[in-house]
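Chain nomenclature is as follows: A, B, C and D, assigned in order of appearance, with residue numbering initiated at 1 for each chain independently.
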């Protein structure tokens, strides 16, 4: 299990390769990559973060995912700071023996990262800036996993 | 959209890189990789295939996924022939503006590849060999997507 | 008519493909199977449990009463197990 | 007590972090917020709608009646929007 909360960019390919090298016998891998959407007039996405809590909370989300599904290996990387359109934000990868476990676990982790990990997005446009508000639809996606 | 049915192995990293290069403005990417499980005493997994039909059927599955979700780009690679434990079988990647679209589309494509694309798995063990049988659970996973 | 067989259907019939000119009374997959079964015991064995056999006409999954002619490509195989 | 602020809470208070010695009657997050609001109008503005504010004690999301002491790290922030 590898969890990283950081400002610097990451290479999706290198992270995937690193993950594969440590999961050689796993038959199913599910990866999600989230990037800054290239909205019109968007200059940057500024992600505020509480790093100490973020690491703990992501670890907590990952442990919960491992309780719900048979997961062999898992990596979560989440960036913060000033991110430009098209840049990577988040990388979630899980591996398992059967496909449903890793696919659902990756979705679960993303759903919780959205609403329960301490990150806050501010969109900086040419003529205005605004904090992104939590969406009811995102909370509902998270709550579907509750037992 | 890129669909490939082939015997030769593929490099997960290179295929991901190729995909990313042709999807530079997409904010969400969902990848699934399926490999031959390293079962005890398994010598190889022999995948029989009807290639002409497989290409058509995967195209059909992909088109249906694009009707159900907002998908910007999509690649499916499915191997056939004699595959060794740990080798790649299938690579499915989709991209979209929002995460749920690509994550569900990738699951959908995998669920249909399992049951409606013309591939047949035979497990070759040291002391026996057997054709894999279609599983009710897999059919149910496919049918959950029906409207 | 080009006929293809896959997986254990091909193993039992011991052929992956054959070219057959079918008589006029063979108009759909059902009558084609009946015709093949008169040729050789191996076909009878392969088609013994028809519920286990799926078929495609010109690379498209079809129903057993779909019409076929000598110009079509017909394929027989068990339920798929890809992915 | 170390207190941290994030996102628009930090912007309104115009601080990301401060070290405060809180009086004895501050025993939980509710009484801490009341105490902070007596210090400066900016706190009142930030905490005006308490339902929009979440808080963590020692990096863990907590309820407003959870006990706190001067040795704790308390953080205030809006609902999260990561991922």
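As a working rule, a contact is a pair of C-beta atoms (placed from the backbone, for glycine too) under 8 Å apart; a residue touches a chain by one contact, two chains touch by 3 or more.
Note that this is a predicted model, so its numbers are computed, not measured.
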{"item": "Lowest number of touching-chain links that must be crossed from chain B to chain C", "value": "1"}
{"item": "Neighbouring chains common to chain A and chain C, by label", "value": "B"}
{"item": "Inter-chain centre distance, chain A versus chain B - centres from mean C-alpha coordinates, in Å", "value": "23"}
{"item": "Euclidean distance of C-alpha centroids - chain A vs chain D, Å", "value": "26"}
{"item": "Mean-CA-position distance for chain D and chain B (Å)", "value": "49"}
{"item": "Whole-Å gap separating chain C and chain D, where each centre is the average of the chain's CA atoms", "value": "73"}
{"item": "For chain C, residues contacting two or more additional chains", "value": "83"}
{"item": "Chain A: positions in contact with at least two other chains", "value": "34, 99, 110"}
{"item": "Each pair of chains that touches, named by its two labels", "value": "A-B, A-D, B-C"}
{"item": "Residue ranges of chain D in contact with chain A within the complex", "value": "4, 6-8, 10, 56, 59-61, 75, 77-83"}
{"item": "In the complex, chain A residues that touch chain B", "value": "12-13, 16-17, 20, 24-38, 86, 97, 99-100, 102-103, 106-107, 110, 141"}
{"item": "Touching residues on chain B, where the partner in the complex is chain C", "value": "34, 47-50, 52-54, 56-57, 78, 89-90, 110-111, 113-122, 131-134"}
